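As written, the chains take the letters A, B, C and D, and residue 1 is the first residue of each chain.
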Amino acid sequence: MELSYTVAVLIIPVFMFLFLGIVGVKLSKKTAGILGTVAMGVTTIIAYAAALTYFFGTDQGQVIDGVRQQLTVLDLTWLEFTKNLVIKIGVLLDPISAMMLIVISTVSFMVHLYSLGYMDGERGFQRYYAFLSLFTFSMLGLVLATNIFQMYIFWELVGVSSYLLIGFYYTLPAAVSASKKAFIVTRFADLGFLIGILILSFYTDTFDFMSLTTDPQAAISTAGGATFLGCSVMTWALTLIFMGGAGKSAMFPLHIWLPDAMEGPTPVSALIHAATMVVAGVYLVARLFPLYAVDATALDIITVVGAFTAFYAAAVACVQSDIKRVLAFSTISQIAFMITSLGVASPELHHGVGYMASMFHLFTHAMFKALLFLCAGAIIHAVHSNEMSAMGGLRKYMPICHIAFLIGCLAIAGIPPFAGFFSKDEILVAAYANSPLWGVWMSVVAGMTAFYMFRLYYKIFWWNNPDYGHHTPHEAPMTMTFPLIFLGLVSIVAGFIPFGEFVTWNREEYVIHLDWTVAGTSIVIALIGIALATVMYRKENNIPERLADRFRGLWTAAYHRFYMDELYQFITHKIIFARISKPIAWFDRRIIDGTMDLLANVTNSASFAVRRMQSGSVQTYVWFYIVGAVAVAAITIICLI
Amino acid sequence: MLGGLALCKNMKQVRTVATVGASALMVLAIYLVIAFLGERAAGNDAEMLFTQGAMTWFEPLNIELALGVDGISVVMIVLSAFIVFAGVFASWKMDPLPKEFFMWFCLLSTGVFGFFISIDMFTMFMFYEVALIPMYLLIGVWGSGNKMYSAMKLTLMLMGGSAFLMLGILGIYYHSAPEGGQLTMNILEIAQNNAVPHSWQYFLFPMTFVGFGVLGAMFPFHTWSPDGHASAPTAVSMLHAGVLMKLGGYGCFRIAIFLMPFAANELAWIFLTLTGISVVYGAFSACVQTDLKYINAYSSVSHCGMVLFAILMLNTTAMTGAVLQMLSHGLMTALFFALIGMIYGRTHTRDIRKMGGLMQIMPFLGVGYVIAGLASLGLPGLSGFVAEMTIFVGSFQHADMFHRVFTIVACCSIVITAVYILRVVGKLLFGAVQDEHHKTLTDAEWHERLSTVTLILAVAAIGCFPNFFSSIITEAAEPIMKLFA
Amino acid sequence: MFGCGVYGFITRRNMIAILISLELMLNAVDINFAVFNRFLFPGQMEGMFFSLFAIGLAAAETALAIAIVINVYRAARNVDIRQLTKMKF
Amino acid sequence: MDYSQFLYMPQELGLLVVFLLVFLFDTFGPKRSQSSLPVLTAVLFGIFTVCNGFMLMRGTAFSGMFESTAATYVMKVILNIGVLIVLIQSIKWANSEEMAIRRGEFYELLLLTVFGMYLMISARHFLLFVIGLETASLPLAALVAFHKKRYESHEAAAKYLFTAVFSSAIFLMGLSFVYGLFGSLYFEDIAYQVMNNTSAMLVVALAFVIAGIGFKLSLVPFHLWTADVYQGAPTPVTSYLSVISKGAAAFAFMVVLVQVFGAAYSKIWEWMLYAIIVLTITLGNLFAIRQRNIKRFLAFSSISQAGYIMLGVIGGNEIGLASLMFYVLVYIFSNLAAFGVAFAIEQQSGKVSIDDYNGLYKTNPWLSFTMMLAMFSLAGIPPFAGFFSKFFIFASALECGEMSIYILVLIALINTIISLYYYLLVVKAMFISPDECGIERFRSSCGERVAMIVCTFGIILTGIVSCIYTFLVEAAQDGTTMFGLLG
């Protein structure tokens, strides 16, 4: 197959990972970094080639009757469970995976480049690049997966590389616990994913995406009317699989790991926790969308979870003071947009526009959120702090960064012609098409998005002019600014890509036409949000404080992220550790072990008890002797009678 | 043709030069695999290969010195060879009485190898006990901590298990042939006769299963494991957790399930419940331990519970998973114990509260530990994932709702595993250095590296190319599981 | 008579007395044999012979026992059997 | 009288020749060369043992009172091996100053008891049986008292003698009932009449007979003399008592129960024996746990071992008999090895407590190695012979396939764990425990070493070399009709 070179996008990073991981220590830091970046550059080129060939190549029968075909480029058997249940490692090219290829390789390459400057001089630089390669490998493997189990495999690998990267500064307790938390929470979600896979494969007897999605109705019907606790097993399976996605994509209530994950190096946050890994959940649902499409219950669950998370995260983002946390909550909120969009994307409604919108938003969001994070990284690099209070008036010191950040904010707020406007608009269209409730809800959230992003923007670049002392912030080096510029440009133009031509739920073409009522409203709402932020945060003033005082309770709750972390803390420490593990350990030591020891002790004391028999006196001996003999006889006689 | 006995003989002669012995063993084991695959490729599809022309040993009881291997025993032998090899290097500087140590160590390995190649219940049982008793001295003499108590407890509990086992074996023997037929100890013949009356199976199945289950650390007979492992010297912990506990699982299916399919089917639910409890219970217990070896021991309880759990699912996939899990757990737990031993050898404590930031001081060991941890919590690309997934998928294929629900319960353990592994890794390796004295410690030496790398490579090999192993195992598991079709 | 012997063995303190009790028991056996032979199986002599042998055995036992009792007396200066409890438990 | 019938008892005659030679040498031999008596005895007995291998004669003598079969012959050979080991072991001891003037008696009495055992084994009439039994036990009382200067020795002798006489009185009482019931003391005659007889008298008779022989075997509750006597007696005598006389009694016990009262098996004595076995094994073990004196410890361990041996009887079949003999053989090696070590240490340092063995491995590795083998073998750990003997004896017990026997075997098996515990305590003392006031390094005497080496090889090889067991099974099956009558 012509596209088989796509495999190279998997092989190069994994090779780099092993290479840098094993011999990296011996290389100089510079060599390691450059090697990693170059390798990533090659990967990017190949990925682009593959994606573009897929989208624009005409001669391979890729498009039949206006439907883009899914191409399985490679499928190697990796592990055979039964005749039909086989894990294969392969490469599946279809619109969404090709799109993801572009997203991942672009952002990853930018981050590699950026890190050359950002991570300069850090301890374990080689290790950092090794992990980045590992991540890229796993993420690409995830999107190119041909079957659900391959996806699960890479899903786990992605989780681990995220764990390793979050915990990169392993001497800091905060980083360690954040990485642990991230891993465990996603692991918990993955449990759902795994069980979902088990159920799904049990009833459909296949892991393969192609066979699962080509005829979803058949797959569902093989499950028959099997139900479990009132719901059909398929709903269970799909919901559980979504749970996996929700964990990775930080949906409420499994979102708690993401803000903490910001303890990792900022480029990592940009790559993993903004652009790529966190959208894996969206991707998962999109991948299995044909199945979800026939199960209204599962879709409803997705919608509700998505919509609630979007609102919740936006609300929290409004009051955070750590810039990376704001961005993290904004990410959660945006991903929730995508999820909601998928949830409302029933094919019957408006040609399933939500699916396309979701993917579109995924694409644009990856670009501008990566941009925002990289900007934030540059800022943090300059002021050595994550806290807003340590910033202000930075526009004079870091002009490029300022512009780039502004572009990002505008994009996320949904101001035309920036990328976010187009994709978000489609989402709102889809939401309104589903029900006005969701439409209004999502519009409000969009407004909040504009508000908190501009709050952030003003707090960083305007607000006041603190005294930076002798340590004046300055613009970042070229390796860091270039990615900013590049991504900024992408964020501006990406919205004009005719996305509907490439990615739709049934892989047929769909022409986007702006629905100006919706678009208009959303622009207005966004502008209101921006205006509000401008009023409150452009110059240093006390409005925010007064407001905060006014709604003290609400503010504190939001600031503490509505105590979700504490709740988890409570569950894990007080319930799981103290109420389950400790008692079990106690039970083990005292009861089970105790029983064993007791057996020994009883034997011992029995031994002590019987020693009286051995009195040393011949007469006692004989007494026992005769009694024994007579007793044996007597008992036997009694038994005989 | 490579008879398995050659392995043992070879071991014994070279006991003092343990390295040569272990390496030779490994070469032989690998040669065995190649020969085995060669035979299979040549179209020899007998159930057991390389059957030594069954030599009658004790004629009155029709005990034979019957040896042979199928896919499952082949992989187990390879596993053992690897761990023995690594164990020898891990105990390079054994002191005092190195000669005796290696002598007992070799006896232990002899028992293990003998067990895996026997297809006669008597020889199997004999090797089983041969493998057990050196443990007492190995722990008692070279162990640490509360070693006498642990050694005694371990030996007595395991011997208690073997008491049930002996009764079970004799019971099977006396029902091994239809009325008037020639009684036999040969497992294959018994399986062929399939003559054990159902009523007796109800009695004998629990006997044998519990007998082996004790060694497989089945709840509630697992308490020897934490104490024993905690007190044992490194190489012994490695071999014990790595191989000896597998004897339990191997025996469970080779004798209990293979010979008494009826009772296996009928009584599976009882033992499933117990093993299911082991899986979750072990994991929870591991969460709150503070001694590295205890953590690992409880984790072994959990993982080995998984082995027995899968065996009881009575289908080929789960069975394959069980054997993979034995392999995987064997290797990674050996790796764990090796690393713990090395760390303990330096810091002289195993209390995770007293250590921290070791990654900075001994990066090699730290990385090794992380890899072992990741293998344990089932990272794809390492062996744990392959094994657990095979088990889960296989178990979930069971037609019975009860089994499937239990599978889900067992699945939960992967989360708990992640919790305790990350807890340890976080406290032990990451963070700030807790004890100033630790800063001067050195990283691994060459023999320690060799031992660690061998195991890591093996773990990764299974993780990356599972189908190679799984096809060998599946093909061996199929004839056994045909009994339940 | 046998019962008497057993009773005597258990209750007497003097070793010689115990020896006498033992003799009683053995004699009871002899009489038993003789009587069974005489009344139940008059046609043969097996029981009688047995009695004779038993008497011989009893004599040997007594001789040996006396020797040992003397030894014990030398060592312990008394013949009280209840003092013979140095080794116990 | 047909003197050719003596040809059927070549072993007894051979033994008598040895006895006479020893006696003559002791009495008339030159005074200076008296110290070579022990060696001479050992050599003579060794020659006799070897010759024994070619002296199998099947047949009966004395109008059926005496019978020689392959089984009895083999049993005697087994005993010979044990006696030979004891003889070799005691060479140095017999030449010690204290023993110098009495060694002749020691050997004569010893050989006499062996003769008694031979009679007991081959007896087919209770008269001969009783004579054998008494010949085997009375001289032992004298042997027990052999330490003239030790008070314990006398106390032990007194205890032994009184209990022994008491038990023989009980046994004879039982026999008189048997005679009263059946009018004959020939085994065959009795065996045919026992069928369907469940009278109370038979039960009492059986109980008394079991008690009488159970005394020799030290089965619970007829065992209480054992520990005291073992402790008090000179160590060679103790080892002799614990293995040889016990082995002979075990065989005789099986013959009496199975051959004579076989027909009453399931009705009467199966259950008696059942209870006795459970009691013996369990109590023996419980007593053994707390012992610190090595000889007392071995005494109690030998009690529980006797319980295991009885499992061969309860099976009541050829395999059972063979397993019993095999068990005795293995037991001879294991226990004599243990006693050999204990004896060597006692000789050297006078220490008899297990606590004194702490750290023995550091100073005397070979002694502790032998001791460890013995302990493992007694505990039934493969690949040592004890494992095989235990396995076979359990196998033979289970052959009848009754559930109750399965339970019995289970109890026995659980008891092996307890026994393993205390055997391991000894091993622990030697290998693991630190030595505070350890025993110094010493070289044991030549005789002791030879004996220990023989035992060590016996422990290692007896099990693995399967032809021994096969041979025993063939011997047990040879020419015996004793198992056909089991009812």
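By our rule, a residue touches a chain if its C-beta (ideal position, glycine included) is under 8 Å from a C-beta of that chain, and two chains touch if they have at least 3 such contacts.
Everything quoted here is computed from the prediction, not taken from an experiment.
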Identify the chains adjacent to both chain C and chain D in the sense defined at the top.
A
Most central chain, judged by mean C-alpha position against the global CA mean
B
Does A-D or A-B have more contacting C-beta pairs?
A-B
In whole angstrom, the CA-centroid distance of chain A from chain D equals 77
Just curious, how far off is chain C from chain B if you go by their C-alpha centres, in Å?
63
Gap in Å, rounded to a whole number, between the CA centres of chain B and chain A
36
Can you check how far apart chain A and chain C are, centre to centre, with Cα atoms defining each centre and the answer in Å?
95
Shared-contact residues (touching 2 or more other chains) in chain C:
9, 81, 84, 86-89
List, in ascending order, every residue of chain D touching at least 2 other chains.
158-159, 162, 166, 170, 227-228, 290, 421
Per-residue multi-chain contacts in chain B, two or more chains
156
Of all possible chain pairs, which ones touch?
A-B, A-C, A-D, B-D, C-D
Contact set on chain A toward chain C in their complex
611, 614-619, 622-623, 626
Give the list of chain A residues in touch with chain D in this complex.
600, 603-604, 606-608, 610-611, 613-614, 616, 618, 620-622, 624-630, 632-633, 635-637, 639-640
Residue ranges of chain B touching chain A (in the complex, touch as defined):
153, 156-157, 220, 222-224, 227, 281, 284-285, 287-289, 316-317, 320, 357, 359-360, 374, 377-381, 385-386, 389-390, 392-394, 396-397, 404, 407-408, 411-412, 414-415, 418-419, 422-423, 426, 429-432, 466-467, 470-471, 474
Contacts from chain B onto chain D in the complex sit at residues 57-61, 63, 122, 126-127, 129-130, 133, 136-137, 140-141, 147-148, 151-152, 155-156, 159-160, 163-164, 166-167, 170-171, 173-174, 203
In their shared complex, chain D is touched by residues of chain C numbered 2, 5, 9, 15, 18, 22, 25-26, 28-29, 32-33, 36-37, 40-41, 44, 46-47, 49-50, 53-54, 57, 60-61, 64-65, 67-69, 71-72, 74-76, 81, 84, 86-89
